[in-house]
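After this come two complexes, each holding subunit A, first together with subunit B and then together with subunit C.
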Partner chain A sequence: MITHKDPIHILLADDDEDDRNFFSEALAELKMTNKVTLFKDGKELMDYLDNPDIKMPHILFLDLNMPGKTGFDCLKEIRANSRFKELSIAIYSTSSAEKDIEETFVGGANIYIKKPNDFSKLKKVIKDVVNINWQFHSSGLNKETFFFSI
Partner chain B sequence: MKFLRLYKNDQVFRIALGIAIVVIGYIASVFYSKMQQLDASVERIATSSQTQLELEKLLSIITHYETYLRSYIITKDEAYLKNRFLDRGEIELNFVELKRLTANSPSMTRSLDSLKVMLDKRFDLFRETLTLARVRNADKQMLNDKLLESTAYTIQMRDHVYRAIDREAKKLKKLNDEHQFGLNDSMVSAFLLVILSLLVLLLSFNRVSSDIYQLQKANDELKFLNQAFNNAEKVANFGHWKLNLTTNAYTFSENFYRLLGIDPDSPEATPENIATFIHPEDFESAAKAHEESLKTFASTSVVLRYVLPDGKTKYINSVGSFMQNSKGDQIKVGVNYDITEPYLKNIELEHNNRHLKAVNEELESFNNIVSHDLQEPLRKIQMFISRIQEKEDGVLSEQGKDYFGKIYASANRMQTLMIDLVNYTRTIKGDKTFVKTNFSSLLEQVAQELSINVEEKQGSLTFENLPTIKAIPFQIEQLFINLITNSLKYSKENVPPKIRIAGVKITEPETIQDKVVTDRQFCKIVVSDNGIGFRQEYAEKIFVLFHRLETDVKYAGTGLGLAICKKIIENHNGYITVKSKPGKGTDFSIYLPKT
Partner chain C sequence: MKLYIKYDGIMACRVILQEQLEKHQVKYQLLDLGEIEIDEGVTEERFAEVQESLNRYGIYILNNQKSQLIQRIKDAIVEMVYERDKLPSTTISHYLSEKLNFSYGYIANIFSEYTFTSIENFIIIQKIERAKKLIVEEELTLTEISYKLNYSSVAHLSSQFKKVTGLTPSMFKRIIDKRRLLVNQVE
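Here is the complex of A and B:
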């Protein structure tokens, strides 16, 4: 349960350096009291998550197309592990292919975000996603609300 | 009619013929016995006549003797007595003959016995008279008495003989009558026999000739059938063969040889030669399948190659199954089709198919490149521009800002183009599953999706009377998105766009592309706007890929939107038409099949 006292811990796994920069810049500009951890591929992400000593993060922004371990692989591994059942996963991809949306929905992702092409839109997306009442969102989850339109 | 049917019936005819033959046999045997009887009665008549004759002869001899004796008494000439009276040779011979003739008649035998006594007595009288006559100066009175007595006795004898002759004559008459009657009887039998035989002969002949005619007809039909079959084989490029499992003999049809490039009349056309034409690589498998079937009596179907005398290869599909002939022998009947052309075509088709698949896969990867790999750097460009516009706004000159504005617009246009391209390829090859689609709820979604765009122009979007039919939902969604976007894009400046989407009943059959469209088969949906419109002569061109009517930069289009619409409608076996007038707005009419 995300509360205001708890600073929200956000993870981003994206192999694209520019995108990682945009993401942290947007968060900085939003002036939200968040903790952000960036990973440059799936393996790095999973290595971090597999450490039992970490405090469970709140939201994971997950890119799909990554070298080595892809976003799909990570999604599968995370959802197979009950330790992460509280972790909300937002797919964060350039693709808006029906196939990808369908697959990640079935795979257990909570929301699907198409990477925006405007910085102001990016800020809006991050703000909206972080402020979603996840419990409410997840309970009413269906394919229509899964794809997040800005 | 009934008789005719019985006559035609083989079994009945045989029975009738059998009965006729039995009857003829019976009549013939009756006739034969009648003839035998006639023969016997002729014999008896002859015997009776002979008996009469012999009796008369006997009487005449006695009379002669008497005459000779008188002549001797008068003349005393010994010559009259020569060989007579003393020995009765002549009479004896006569008597023996009579005995033989009457051996079968007891009454006649008795009569002859008494005649014999009388004859003896008479000869005694002859001798006594002669003895008296020979004595010189014989007692005339005694002689006379003797002569008188002799004469009386002769008369008595003659009476006796005449009575016998009379009886014989009566018997003869009776026999004659009987004979006549028998003769008549036999004539009737003979006549009947001849008539009946003739009848049977005629019927049999008629029947046989009709049978022969039927046989001839059947034979002709069979010949024709055979000819037709041979022709059919020639025309359809197939040949047949037979194997009699009892005699182990193979037979091949003429066209079978022709298929192998051999003249059926040539000496090469022998069953032994056939196997030598089979392609060496196919021989073993074909032979194995054949041998196997001879054990299991299962049907076979093999494709094998034959190498023709001219070196060409023919692909043959050989199918075989089993049947029994009239003798009960198991026969394997096979048909060989020439499938060279379809077989090679099939190979070519398979090759083309593989090629097509590869092309499709390439298209797919191209699609991926456009939808992801190409968008990635484009998105970066857009992002950095937005960063510069935001952060470096104060540093840039007015011209610099203008340039960045243009870069931003171009990048946006490129993005739309790529999205449209992906959509277009999706409509071509994408998944085409038809499901029952409620157009109203589908349009509600579309309206929601486009609400920002509509609001941006202060426009209105209404829809009514929309059907529920089988369609490909994501394509129909795309169709309306494209049409609405199109209307918004080509709206008049400073006039809020009004877009109305309505289901319309086809009241009168309409002709579209030479096809008649009726209410029974089609739904009609009209999308109308109050936009800038265009001249009706461009109606066809707007659906062409990459064709754009407006070149003004303020109408930024890719030339793909309506081409996609047309493709989607084609995917649904429907039609799309457009009516427009510059400055008055545009009506798109969509016709979709109800089923």
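Here is the complex of A and C:
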């Protein structure tokens, strides 16, 4: 059981260095204690996750548009493996088209983030996402119907 | 073949508790939701065994007083949302402080300190969670669901649903249907 004292382990895969820095800065300002692991592309992320010895992280922030293995490829691979069924996946993308959002959820994502373009909004979004994810983890809410679009 | 099931989590939990405690020959009495009274004479070893077998079902014995209180607050809210067809006629703050025997101010403070959300927000999350469950079960229309969950109108439910999840109930339903279709195709 997760208590508020356990650090939340957050993964982030994004090919843009500036975005990675923004995310880590925003996470550093969270009230919840957290640990972040960064990946610069989909391959690096999947290599990490494929190691059966890792402790399961709580949430993965995944950029949809990465060269090589895209975010959507990673999403499909992760959701095809039942080992990751407790891992929440937050996709972020520049699209806010309903079709893209729907497709991402059908593909097994839990959270869809329309990437905000200013830093203070990004911080707020990340805070909301980590918070809602924590509510799902700590209150036994149904993962099958955990969809959250922001 | 894929079947869709509906279940009563509270009842399932009570049966598991009964079976496990009987299996370990512990004398017990099930009290309100989330509370059991057990015989004082249980050895530490047996207690650890009981704990271990309950953990397998995602049932945990809470040792710390504050986490016990948080759990009782959550249980009282869940019970209120799931078991009563109508919310209590008194205010929620009155209901919770009567039920838990603490002032509402104390309950609200300790709750937000430990859960990173407010009681009001937690109630909304739970109501929307129940709405999702009812939508997935497909037995009630959205209008009936809004009535059951004590919303003044289906528009009110839809707007709160959208506010909490970012999706409209119909988009939510579409995603669920498409996922089911996909899973069925794979099998």
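Heads up, the rule we're going with is that the second predicted complex is superposed on the first by the 128 of 150 C-alpha atoms of A that agree within 3 Å, B and C clash if a C-alpha of one lies under 4 Å from a C-alpha of the other, contacts with A are read in each partner's own complex, and residues count from 1 in each chain.
Methods note: a contact is a pair of C-beta atoms (placed from the backbone, for glycine too) under 8 Å apart; a residue touches a chain by one contact, two chains touch by 3 or more.
Keep in mind it's a predicted model, so treat the numbers as computed, not measured.
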Item to complete: May I ask you to decide whether A:131 touches subunit B, subunit C, both, or neither, giving the answer as first, second, both or neither?
Response: second
Discussion item. Under the stated touch criterion, name the partner, subunit B or subunit C, that contacts more residues in subunit A.
Written reply: C
Discussion item. Under the stated touch criterion, which partner chain does A:22 make contact with: subunit B (first), subunit C (second), both, or neither?
Written reply: first
Worksheet item: Does the superposition put A:120 against subunit B (first), subunit C (second), both, or neither?
Response: first
Item to complete: Could you look at A:112 and tell me whether it touches subunit B, subunit C, both or neither (first, second, both, neither)?
Response: second
Worksheet item: In the superposed arrangement, which partner chain does A:98 touch: subunit B (first), subunit C (second), both, or neither?
Response: both
Discussion item. Show me the subunit A residues, by the header's touch rule, that subunit B contacts in one structure and subunit C contacts in the other.
Written reply: 98, 149
Worksheet item: Hey, which residues of subunit C end up touching subunit A in the complex?
Response: 58, 60, 67, 74, 114-117, 122, 125, 129, 132-133, 136, 165-167, 171-172, 174-176, 178-179, 182
Worksheet item: subunit C touches which residues of subunit A in the complex?
Response: 1, 3-4, 31-32, 98, 101-102, 105-106, 108, 112, 131, 134-135, 138-142, 145, 147-150
Discussion item. Per the contact definition, I'd like the list of subunit A residues that touch subunit B in the complex.
Written reply: 16, 18, 22, 65, 94-98, 115-120, 122, 149
Practice prompt. Can you check the complex and tell me which residues of subunit B touch subunit A?
Written response: 371-372, 375-376, 378-380, 382-383, 386-387, 390, 411, 415, 449, 474
